[in-house]
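Think of it as A, B, C, D, E and F in the order they're written, each chain with its own count starting at 1.
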């Protein structure tokens, strides 16, 4: 009676992994090794190796580099702006990562639905105010917005990071939405505290 | 380092249960008995017994009555429109109920973030198209919208139900948002399939 | 040449009053007695007695109870938020009530079209700023909005009342819009000062 | 207790009529003669005689000229687009004119709040669909919109008229809103059927 | 391969100039003399001589009169609000005039795309903040907006001018958009500093 | 009297080119060689070499690769979506490239302000309809949008390209807006046909 669950990775057929370039395949195998499954964004983008390489290089440059923003805070930016953009893949996949990195099973839903009501510090709320403005109305961003970040102790390079992460996921959300990239079932329960 | 978790039920102090009228207290005790905890909306609204009674009478009239819409489908309407209205309480609480009623740990996030990408039947998608239009642009609802429902087999009374549920949660979302009603921690993990 | 005037109460047929439950019929007869006609919302909702009872119980709990907001001020909230939601039934019916309760034939159009230009006290304008924010962007309501009300002398329970009335009519507007509930002709001229 | 009613014509002081150029004063005297009062838009714009002359010349060219649109229909365009733009002056003043020209005390509120629910012919609804699109999203107007008008019997010159009236009141609404031109009290009751 | 360039003045056929009234024809000949070509808005509106006369009388009353706003500043208002309204004719034609009047080949694109990033004085930015609010949300304009202008040295009559120009082009943009008035090819290169 | 022209590349200081990694410096020198100047986006992003490399790798993967979309058409996508996002840098810089690649001095302004009125083929208009939907409302993109592309002869890989370019510039626009990257003066006149 219930609809058959969709099993595709996206509306574009995923490539045969045997055919993808070695470096792309190795990155996919590494994430499989580490996570126990291959997040569908890897399979979807592998159709286009050059775009795959640039996408993950950009991702790593923003999300894996050292800096004053904690890894959980970077995921908050992803989840808040992906909620704004109604991106199912990014909310579910990065929501899982956020729960794990923040060691908080509640935080992803709070940030995705309305970060103003989330269990955040004032500094984190200011960070998301800026990120959401970049995502939604970047043409109105001005020096007053940078000053508000400084008031919460963010340095200039932190402001760059917040804006760049919001901008990168503005792209990522649009790719995932337009290509109907499906979040893997595994993400939904990650970091949850089940209750019977 | 992480912010202290908020423990309030809402921005208005919850009443002392010993002081609330007997019928209100009994309803609260009954839900406590059944669920193992008291959802915060009960405690928040108990501050106003007449409004409490009307709210839950209305809720029951729409959500508990017989009809062609399954209970899971009614919760889909709640979750889709509450996502649209960025209502944290309703998305989390009714997302939990939806997962349980649909016996599907994935469905709540799908419907809350973007029902167009959810594992739904075409009939359910049409139901949510109508519900979301009532929630967002009810002044543009017209006979063409009812015809689209009929094309998917919905009777006139089903159309009433969809519209009335969307309208009731338009109210409920605004109450929960304006009063900062906090979803109980218990809801987040309900119906999830945890993964380590 | 001019279109035949619609005479229906709503797009759903009104029930035969002889068939509706006694308490519902008695409420309808009481309003008929008092007003000289039956406002169409009573006839439209009588199709669903449980919903009828809950709707009017909720209405009375908010609009008839004692409190610091005058009855005219409560109607201002209804008319301003119903104008925002383009709800013909509510603007016309509650505009009539507002004119009468405020003893002011001008106030309903002013509040429905643009309350910022209406003959209101600063306190009433602050009340409508809050109500309209609840109606339009409740997810952004926060403590600063409550503080603005306090600055105009509103107590916490007054703030609850304003939000709850705005929320109740968010529901009511969507029902009236989706069901095409037609305002009775009698409302238009009530409280007007005719001019030839 | 109630706020003192504002008596100004607009936020700019009205000029001394003895000082305004003769042709402007004569036009004002003529409308006073005909209507029994001077609509405030005349007094507000008289501060700028050249703009006064151009404004009313344009008004007359669109609203008084012969053509397939009845005078009541032209006022429907004014009222529908002025409602969209939340222009109190234009909704109240032209609502009065519409009631009189259509000999229908209900029509102005219907068209101002939600023309889709008004007692209109399908042809008139199509006319307002076009007018409202010009008012709200003129950059998306295209040949399909003109074809929809043709389907209801509108000639090319009628389409011009509809667009030009919507455009002229886009200007007029912004002037009245920005200058806070107050609708004269006399307008509210004109064409109403009072009821006690 | 490339689409044939459209050569029409607008979607309505331009009138035979031999048939238009003498005063209209003389105005057209004068602009031809002065500019070396006839801007298409003259040809498009000549179809309706009375509207033509009122339109250009209004234009001249706002754009050619003495006043504290420089002619370049008036064109900034036109270009900023026409960008907001996606009006191709007005952005291109008045962008050309702005480049020439400001003796600045960069200014038109800056103001049309995002005046907040343009090479403007704070006073000019405040002028455009006001103009854009009149264009986009005139119902929310209030005394605080006039006070912001005063803080930058604008007198009451300057505020009128800014609002009136924004309002006039609200009309003009809608006419040009709805009628598809095509900007003459000559405008694009005017005031540019070409680079090979 | 006129404001001093801003000479910065962005709100973040550009790095000393002597200090940037060799590969980044070489890319900058190559573009300087080819264009005669260094577009500011290169200098702004050089502050972050890893992001610089990923950004331009992604750019080249989308904009320089073979495919059914001509290079001019790819620039149309950039200009139309950048206009939507009010991105001054991208409209001016890519407007210049579009004029040159399309050998058409009019096309950039047309596409930036309102592509619906531009001299485009129906196929190109369909391409931009899709791109703009990805940019503005990607969560509503569905199979009907892909079918509309197919109707104009676009293959599946072309649809990917359109969406990916729109998504990449969704990121790029937000970076340029948030960082206030200034378009170089040289871009404005490129590909223009000057007129005295």
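A few remarks follow.
The rule is short, and it goes like this: a contact is a pair of C-beta atoms (placed from the backbone, for glycine too) under 8 Å apart; a residue touches a chain by one contact, two chains touch by 3 or more.
Keep in mind the model is a prediction, meaning the values are calculated, not measured.
Both subunit A and subunit F are touched by B, E. Farthest from subunit C in terms of Cα centroid separation is F. At the interface between subunit B and subunit C, over half of the residue numbers appear on both sides, which makes the contact a same-residue one. When subunit A is fitted to subunit D on its Cα atoms, the angle of the rotation, on a 0 to 180 scale and to the nearest 5, is 180 degrees.
Most remote from subunit A, judged by the distance between CA-atom centroids, is D.
With centres defined as mean CA coordinates, subunit F is found 43 Å away from subunit D. Distance between subunit C and subunit D, defined via averaged C-alpha coordinates, is recorded as 27 Å.
One finds 24 Å separating the Cα centroids of subunit D and subunit E. Counting partner chains per residue, subunit C has residues 86-87, 114, 117, 139, 177 touching two or more of them. An unclassified topology is adopted by the chain contact network, corresponding to no line, ring, star or complete arrangement.
Taken pair by pair, the chains that touch are A-B, A-C, A-E, A-F, B-C, B-D, B-F, C-D, C-E, D-E, D-F, E-F. Taken together, the subunit A residues at the contact with subunit E in this complex read 139-140, 142. Contacts from subunit B toward subunit A in the complex involve residues 2-3, 5-6, 83, 86-88, 91-92, 95, 102, 104-106, 109-110, 112-114, 117-121, 124, 177, 180, 182, 185-186, 188-190, 192-195. Across the complex, subunit F is touched by residues 11-12, 47-48, 50-51, 53-55, 57-58, 60-62, 65, 85-87, 134-135, 138-139, 141, 143, 146, 156, 160, 163-164, 166-168, 170-175, 177-179 of subunit A.
Those residues of subunit E that touch subunit A in the shared complex are 114, 116-117.
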